[in-house]
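Shared between the two complexes below is chain A, which pairs with chain B and chain C, respectively.
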Partner chain A sequence: MIRRGLSLTEIIIALAIAVMVMVPVTSMFSTSGQQVQKSRNFSFAAGLARRISQHLMAMPFENIVEVPLPGLALHDSPDDVFFNPIVNFSASQSGVKKITASDMPALHDFLVQNDFKYALSVSNVSFGAGDEIKSISILITWKEAGRNMIYRTHVYVSSV
Partner chain B sequence: MKAQFDEFTRRATALLNEPGILEKRPAWQIVKAGAISLAPVAENAVTQLEPEIALIFLLASTFTGSKRDSLLKSLFGAAMNRLPSDNFIRLMSKFSQAELKDNLLPFVYESGPRGSIACFVAARLKVTLATEAFQYFLSARAWSPTDLMNLSLLVKPEEASALCSHLEKFVPANDSKVLRDNINEFRYAVQNHLAHEPMLPELADGETSPPPSAPARAGETMRPPQPAPVTAKPLAPISQSTPSVSAPIQTNRAEAAGKPNLSQKIPETLPTEVPAEKSEGPGRPNQSQPQSQAQAKPKSESLDVALHIPESIRRLLLPVGLTMLFLTLGIIYSTWYFSDPEVMTSTTPATAGRAPSQWVDAVSQRPVTARYLAADKDFRMGELFLTRDKFAEALKLFEDALAAEPAHLQALVRSGYCRMQLGDNKKAAEIFRRALSADAGLSSVNLYLGRIHLAANDNAAAEKHFRAEFKLSADLTSGMELANFLNRAGKQNEAMELIAELQEKHPGKMLVLAPTGSENKTERGGDQP
Partner chain C sequence: MSRLFKHNRKRAAFTMIEIMVGATILAVIGGMVAHWFVMQRQYQSRILAISDAQQNIRQASWNMIQELRTARNLIYPRLNADKSIRSDTKTIFKNFAGDIVCYFHDAATGQIRRCLVPNGPGVPVVDKKPIGSGIDKVAFTAHDVGNRLIGIYLESSGTVGLESVYLLNE
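Coming up: the complex of A and B.
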């Protein structure tokens, strides 16, 4: 008589095959997921640095001041010239949007999750006769998979 | 007559050996013609031909009605004396359910091997019975556990519960304990779907194999594995006080699971008959099966996991189980992956407001320390002084940077450059060599060293560094520097070839070698690293 059923050997073989398939699939998801996260964070950091550098070029020379490490958190940070308000959809204060949980919950959560901060390292050199140059290192820091990440870029702003 | 039978046997055997559907085999028409020719002696044919050939004869013949039924009954009756071959059972399946019910099922009433075999064959042929029929079958004779299992396969699945209810009402009306036990066992088997496949009936030795005179058939090799037959011992006739059932040949799944069972384990030595009164168990009869030690067949050592769940669900267990496993692991992994432990650490007062001692540079993936960042600030400031050719001030800042972080290679190279511009070539060369030993791939360093060696009239060393720089950078500045050096060193041809090569790469520029006697003046802005 043919006995239908699953033998222990069959179950073990099936589980072994499942594990062999599952491990690379899991690692594939893991690797690709981490890459996506890294890429997203890197792009976001580069975007933040670009926004800061553009503001530095436009703002008064004397207003460019040091923001020491560990820097300012972008979420719920006090009003600053770079990110708060981050956007204004109108000509009045009514359209102002800040990076807060109420105004921009998704962005706020993202910044909280990754602890994005920025810092400015400013070196001021005066050559006399009003000839001054500021070398500014823009430092964007965040946390990613348990590591402290940093993105650095530099701009030179002349007083002239 | 014998010649006719022989001829028909030959053709029918040829038919059996052909592949394909029986009625579509090439020999089928010939066999049909032969069957028609044997019609006048049909009774003789059924009795004298081999069972399979006789069955083909009946399939191919044009008999209808009572004559066909009587022939079939006669053939089945003869065939049920021994366990028919697979081929025979397959041929039987060509008959309609009605024909099988009318001509095969009557043998199920018979006690002894014919009844067991008929029950087994009916189960193999998936014959089903009306609910009311079972009480008559169960009342007709003694039932071995195997026969009961086979009989339970004749129940239509959708009528199983109705049958159980029906039999439940039927039990108290019977005085016979044996019958009540039979019915209870049968109900249990039906209710719990214990039988999945027909089980070989319990037969004596000579009844398990087809007649030795049967011709070799391909189907016989496909016979399901048969257990070792019990010693020849005819089944005892049923009696009210001492019912006897033969020992089961094979272990069913209920035994493997240790559940209340139709056939309990076989003791090593048992009397040939056991009184029915020894059966016990609440609601479930415990039949001890008489069997001698020689008859006892050891249970096969099987790793089968016997799961008493419906077949359809059991077949789904593996894929469903694996799917659930995957989903569970996926959920666990996703929960872990998308959880944000950093959120907790970032908001904890212990770490808030305190800068980490080290970061990972998102571009280079190298570690960046707070000390390095402090040194970098001095370095940037020194760069500002370089924009105004204030080498002394710049050198101080670069050295400050190196004091804070000796591994700041850019500050090291810049300090060497400042020293070179300030005329301290010896110290500058030392700094450049240090930088090259730290990173041989630093650009511009070989260029500066070449210039220092050229100024010291060490053409060989200068050429080595110029070539190294051009190999590293392969840009216009290092190429022109090398070409001018070669020209001044008397290697005009090589210098011209290099200029031609550079010109080809930079068609938008007009490249000329410097006059041989002139100094190699270098603009500061163009050769900085």
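Coming up: the complex of A and C.
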């Protein structure tokens, strides 16, 4: 009896072609996803740096001090001056909310997941008594898919 | 006549077992492909949601920061009597042109709207276009005694934006 069908070699070749097509398609999906997450983290980091820069403007000049690398972890610094307390919808101190697992669980999880930290590098420039400038580098660092990421910006704050 | 009833008994065909095995293999492979496809669609939906949320936050932040940065002074919210920070879903300030402006969050539509508050009798006039859309939570927070620093917390589909604005024209 002559039976016509597919040989094992033909099936293997067909499967190999199918896999060769599927793998790039899969990686295309995951690559676009990684790009979106990368973009989100980068935007978030830029927002954090802007927030720090704006708070520096309102801080007493002498309180602007160095925060050395590796920096302060946002999820683990409840007494940090730039981010805590973060909101308070009540009319007294009792209602303040900080970036902690109990007060802001979603935000805290996000910060833990990406290990967002900030560091400040402060240089003093003096033009005479009472006339100084602080040159401040704001560094935001985070982890993304096992890689260390960094966002840096620079501000100047005057004593006058 | 005998030729009419003559059948070829050696016709090649699939047996029931072969068809069942083939159908089972096809079902398994089809199920795996369908599952993979559904997973990818869900993943894409999540990614799209993140991308949209990020865009919503970026746009709302940008629109508000541009006007707040050059604002003259912050009218509401202000620090509590015990000097603790104070947050609200709306903020009122005097802008660069001297108009009293209010940003408020409409939770029902997820929009941030801008309105002009009359400096005297009258009703607030709400802008036709929202300054932010797709925003789930908003908190405008007064941070300093001088009423020059306002924190903006935005949340859209689980994505968070933390901004602050220091008013330059106090």
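One rule holds in what follows: the second predicted complex is superposed on the first by the 139 of 160 C-alpha atoms of A that agree within 3 Å, B and C clash if a C-alpha of one lies under 4 Å from a C-alpha of the other, contacts with A are read in each partner's own complex, and residues count from 1 in each chain.
As a convention for this text, a contact is a pair of C-beta atoms (placed from the backbone, for glycine too) under 8 Å apart; a residue touches a chain by one contact, two chains touch by 3 or more.
In this text, all values refer to a predicted model and were calculated from it rather than measured experimentally.
Asker: Touch check for A:92: first (chain B), second (chain C), both, or neither?
Answerer: In the superposition, A:92 touches chain C alone.
Asker: Counting only touches as set out at the top, which of chain B and chain C does A:51 meet: first, second, both, neither?
Answerer: second
Asker: Regarding the shared-chain residue A:9, is it in contact with chain B (first), chain C (second), both, or neither?
Answerer: So A:9 only meets chain B here.
Asker: State whether A:26 touches chain B only (first), chain C only (second), both chains, or neither.
Answerer: The answer is both, since A:26 touches chain B and chain C.
Asker: Pick one for A:39: touches chain B only (first), chain C only (second), both, or neither.
Answerer: In the superposed model, A:39 contacts chain C only, not chain B.
Asker: Starting from the residues of chain A touching chain B, keep only those that also touch chain C in the other complex, and list them.
Answerer: Comparing the two interfaces on chain A, one with chain B and one with chain C, the shared residues are 1-4, 26, 29-30, 33.
Asker: For chain A, which residues count as touching chain C in their complex?
Answerer: Per the stated touch rule, the residues are 1-4, 26, 29-30, 32-33, 36-37, 39-40, 43-44, 47-48, 50-51, 54-55, 57-58, 83, 85-89, 91-93, 95-96, 106-107, 110.
Asker: Touching chain A in the complex: which residues of chain B?
Answerer: Residues of chain B touching chain A: 196-200, 224-225, 250, 253, 302-307, 311, 314, 317-318, 322, 325-326, 329, 333, 337, 340-343, 345-347, 353-356, 358-363, 368, 370, 373, 376-378, 380-381, 383-385, 387-388, 390.
Asker: Can you check the complex and tell me which residues of chain C touch chain A?
Answerer: It is residues 10, 12, 36, 40, 43-44, 46-47, 50-51, 54, 57-58, 61, 80-82, 84-88, 139, 141, 143-144, 146, 148-149, 151, 153, 155, 158-166 of chain C that touch chain A.
Asker: Inside the complex, what are the residues of chain A that reach chain B?
Answerer: Against chain B, chain A makes touches at 1-9, 11, 14, 18, 22, 26, 29-30, 33, 41-42, 45, 69-71, 112-115, 121, 123, 125, 127, 133, 135, 137, 139, 141, 143, 146-152, 154, 156.
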